[in-house]
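First chain written, first letter: the chains are A, B and C, and each begins at residue 1.
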C-alpha cells in the first residue's frame, strides 16, 4: 500500500464525477404522467416501494448481525480486525454494486451476452419528484429496488468474512469482496433474478436466494478457506481438533437475533409486490414461515446436541437457527407452518453433522458459515420441490451445480491470484499474537485482561 | 435425557406431517373474490396487514431485548445458560403457539367450553395468493395476525426466564415454557382477547396486555421463584441481602433500549386496525404515549434512587423505564401525554420500592421481572380507569385477581410436578461454579478473566 | 440534591395534571368529518402518518446507537456513567420537548416574537379516534409528527454526551440537556423548520438537519468541552497526546450500525410526505443516498488512515461512516449516487484530519463528536449548493454562522453558570478512579478484571 492519499481521493472523485451533472437536472420536480394514472396503480406503487424500503432496512440490519455474530465467535485478539472487515465489506459492496453490480444483475437495457452477462454501467436512480420516464407507475421506485437489492449483494460478502476470520489479511479480503460484489454475485444472480438462462431455460426457483445469495457466499468462503488453510494450532498432526472458542457469546447471540429479524425483510421483501391483498397476505405467510423455520432449526440443534453430546451447544443452536433461515429462503411461501418448521429443522440437523465433518476434512471455518449458508442453502434449494409443484428436481439440482461451479472456480482463481500477487495470509507471528495488535494496532477490549 | 436422536426427529416430523398436504394445494393463486371488493376495503386490508407485520417484527425484537437484558444482569458464569434459555424459549414458544396456542386463544371455530376454553388444533394460514375462503377482505391476513400474536405469547415466556436465572435447569424450564405457551397463556388470553368471559361478562379492558401478557409472565415467575428458592448466598440467616451484580451493564442497557423500541409495536399494533385516518392517528397517540411513559418511569427511578440512596442506580433506571412501559400497556391510547408520563412514573416508583421488598421476603428475582411485569402490570391495569370511562374498578380488579389466581395456581402446580419428577434446580456445586461450565461446558467470555 | 422524594414526585404530578381533563374527553371516538373527504386524501394521510411512525422508531433507535457507541469508546471505569447519562438524556428530552419544545419549534398558534421565538405551551395530541378539529386530512396525525420530531430533539442531546464523557457530573449534564431540549434546540429549529427567519428570509436549506440537529449538538458539545477542560492525563505539558482507548470496540461498532440504520428514518422521514408516488420515490432516493454516503465516509477514512498511518484505524472508520451520514443530511435527495458517495467521503476525510487537530488544540472530545457532527455538519450544509440550485452560498453560510453563534454563546453561558452554581466536573480522585464507582457505586463489568 504505497499509494499517496491524493491518488486515493482522486479515485473516489472519479467515481462520483460522471454523475455530477445529473444531480442538478434531477431537481425538476413534478410528475405530469401521474394525472393519467388510476389511483389504485399509484397506491400500489407507494405500497410496494415502501415495502422495499422497510424490507431493505431490515436486510441492511443483517450486516450488523453478521458483524456481531463474527465478533462474538472470534477470539479476543482478532476482534477489531473482524469489525474492520465487516465495516469495510459492507461499504465496498455498496460502492461496487452501485458502480457495476446493479446493471450487471438487472440488465434492463439489454444483455452483453444474452441470458449470461448483463449490462455494464453505473446505477442511476429516478429523478427527484419522479421523472417523465416513469410513466406507468405499475411497479415501484428504482431507488427502492436498488436499495433492497444492494443489501442482498452485501449479505453475500458478509458470509465470506466469518469463515476466513483470524488469519486473512485485510486488503486482499476487501479486494475479493470488490470482485465478488461487482462481478461474481451480480453475474450469477442475473441468471436467475435478472431473467437469465437459469430462470428462462431451467425453470430454476429460488425465492429469496438459498442458492443465489447464501450458497454463493458459502462457495466463495469454501474456496477461500481451502486456499488460505487452517488457523495455526487448529488441527494437529494426529487429526485432533483444538477448539478455539469465541470470546463473547452474548454478542454472537445478539448477532443471531439481528439476522433472524433481518430475515423477515430478506424473505418477505422478495415477494417483490405489496400492491394487492393477495401479495400482502403472501408476505404474511412468508414472515410466519421464516420465523418457524428458524425456530425449527434452533430446536433441532438443541435437542440433537443434547442427545449426541449430553450438553446442548449454544453455538450449534445459534447456527441451527440460521440454518433454518437459510433452508426456508428458497421457498418461504408455499410451505405450511408445519412443513416450514420441518424444513428448518433439517437445516439445523445439517449444521450439527457438517460442522464436525468440515473439521475432519481440516477445512477451518471459524464461524460455521459453510454449513449454515452452503450446505443448508443446497438443502433449502432442493426442498422447494417438496411444496412448490412448479419446481423440478433437475431444474433445482442443475442450477445449484452450475452456480456452484461458477462461483467456486472463479473464487478459487481469484484467491490464488491474490495469494500469488500480494499474499492473503498474515505472518505466523502476527497470527499467534492476534491481528488486532499486529495488523491494526488497536485492541478490541484493551482493559479486559486475558484469562 | 436418554432419548435417541431419531425419536426426537421423528417427533419433529410428526409435527409437520399433518399439514404436508395443504402446502401443495396452497399454490393455486388468484383471488377472484377481490374483484367484487371496493378498493378502499382492499387498501385497508393491506394497511392493517402490513401494520401487523411491522409491529410484529418489532415485538419479535423484544425477544432479543430480554436476552440482552438478562445476559447483562446475570453473573459471567451463568451467561451462556441465559442465552441458551432465551433462544430455546422463543423457539419452543413459536412451535407450541402454532401447534396449540393460536386456536386455543382465538377460538374461531367455536369454544370447547364456551367463553372459558378455546378450540384445539394447529394454526393454518391463508392459502398462497389468498383463498376463496377470504371473501370479504374486511380485516387483515391470517398470517399477519398469527405472526403478531405469536410474539405476545413468546414475550410472556421471556419474562419468566429472567426471574429464575442462575439456578434453574435448562430442560425443566423449557418444559414449563412449553406448557405456558401452549396452554396457560392462550387459555387466559382467550378470556379477554378471544372474546371470553372477562371480555363479555366483566367488561375487562386491557389494551395490549399489562395483565394478559405482563402480569401473567410475572405470576408464572413468582410461582417459579417460590418453588425454586433463592440463589445460594443471596440471603444470609440474619436477613442480610448480598447483591450479585450483573456482569455486563452495557448489554443490559442495550436490552432495555431494544425492549423500548419493540414496545412501539407491542402497544401500537394492538390498535389492531390501520385502515382509516382515525386508526392510524390512534396508533400515533399510542407511540407517543408509550415513549413518554417509559421516559417517566426512567426519570422517576433516577430521581428517587438519587434521593433515597444519594446515587442514582442504573439497574433501577433501566427497570424503571420498563415498568413505565408495562404500566401504559393496559391503556396507551386514552391518556394525554402528561397523564401517560405520570402513569409511567408511578411504574418507576413501584419498581424502586418493590425490588427491596421482594428481597426482604427472600424472593430472589434476578433481573427484577416481578416488580416490572407483575406489580407495574397490576398498576397499569387499574390505571385504565383514570382515563377510560368504559373501564370499571371492579371489572379491572376482578379480572386481575381471576387471571392471577389461575396463572399462579396452575404455574405452582406445574413447578411442583416438575420438581418432583425431574428436579428443577441444579446441584449446589454446579450453582457455585456456574451453570455455563457445569451444565453446558461453554463459557460466555472464556478469555476475560474474573476479577 | 437535598429534595425529599415527595417533592420530586409532586413536581412530576404537576407536569401531568394540567392535561388530566383532556384524557377523558378524548374518548369520544368517531370522525364524522371523514365522510366528506375523498378516499385518496385519507389514504395519503395514512401513508404519511405511518411513514412518520416507522421513521420515528428508527430515529428513536439512534438513541441506543449513541449509547452503544459511547459506552464502547469510554474506558471501563466510566461505562456505567455513560449508560446512565444516555438513559437520562433521552428521558428528559422526551419530557421537555413535550412540555416546551414542540410548540416552541412549530409555533402553530403564532409566534411570541414573529419568526424568532415560538409559542410556549405543552404539546397535546389529537383526540382519540380523531377530532372534529382534524377536518381536512390533508397531512398526517399530530401524534406521528410529534413522535418523529421529538426524536430529532433527543438526537441533539445525544451528540453532547459523548464529547463530555469521563469527567462531567451527571446532574449538571442533565440540567444542560433540559435547557437544550426545552429551549436551545427548539428555538433555533423554529428559525428553519418552524418557518422562521432563516427559512423565510435567508432561503436556508437543511433537509434533515446537518446544521439544525448535528452542528447544534456539536456547538453545544464544543462549548462544554472548553468550559470543562480535558481529562486528566490526556495532554501533557509538552503537548503530547496520550490516547485513552475505548474499552469495548464491538459495542462501538454496533452503535455505528444502529446509527446507520436509524439514519434511514432520520433522512427519509424528513421528506415529510409519503402520499404520492413522487414522494415515496424521493424517500427511496434518500435511503440509497444516505447509505452510499455512509459507505463513502467509511471507505475514505479506511484508505486515508491506511495511507497516513500504515494501519487503518477502526474508530476513524466508524466515525468516517457517521461523518458521511452527517454530511448527506442537509441534502440527501438531489445528489446522484456518485455525488452522495463523494459528499460522504469528504465527510470521512474531514474526520481523519480534524480529530488530531482538536487534540493539538487540547480540546478533549472523547468520542469524536465535534468532528463528526459539527465539522461534517458544516460541510454537509455547504454541500447543498453543489446539487440543489435553490441553495445559495450566502444563505447557507449565514445560517450556519447565525445558528452556530446562537447555540455556542448560549451554551457557553449555560455551562459557565452551571460551573459557578454547582460545579460541572467531578473531583480529581473521582476522575482517576472512574465515575462508575465514585459517582454511581456500580461497575459496568464488575467481573472483568482490568489488564
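Operating definition for what follows: contacts are C-beta pairs under 8 Å (C-beta built on N, C-alpha and C of every residue); 3 or more make two chains touch, one makes a residue touch a chain.
Quick caveat, the model's predicted, so the values are computed rather than measured.
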{"item": "Same-site or different-site touching of chain A by its copy chain B, using the half cut", "value": "different"}
{"item": "C-alpha-based rotation, chain A on chain C, 0 to 180 degrees, nearest 5", "value": "120"}
{"item": "Chain centre separation in whole Å, for chain B relative to chain A (CA means)", "value": "32"}
{"item": "In chain C, residues with contacts to at least two other chains", "value": "39, 43, 54, 248, 254, 445, 448-450"}
{"item": "Chain B residues within the chain C interface of the complex", "value": "39-40, 43, 47, 51, 54, 58, 75-76, 245-250, 253-254, 256-258, 260-261, 264, 268, 274-278, 280-285, 287-288, 291-292, 294-296, 298-300, 302-304, 306-308, 310-315, 317-318, 321, 333-339, 341-342, 345, 349, 386-390, 445, 448-451"}
{"item": "Complex contacts: residues of chain C adjacent to chain B", "value": "1, 3-5, 8-9, 12-13, 15-20, 22-24, 26-27, 29-31, 34, 37, 39, 42-43, 45-46, 49-50, 52-54, 56-57, 60-61, 63-64, 67-68, 71-72, 79-80, 83-84, 86-88, 90-92, 94-95, 98, 122-126, 128-130, 134, 137, 141-144, 146-147, 150, 170-171, 248, 251, 254, 439-450"}
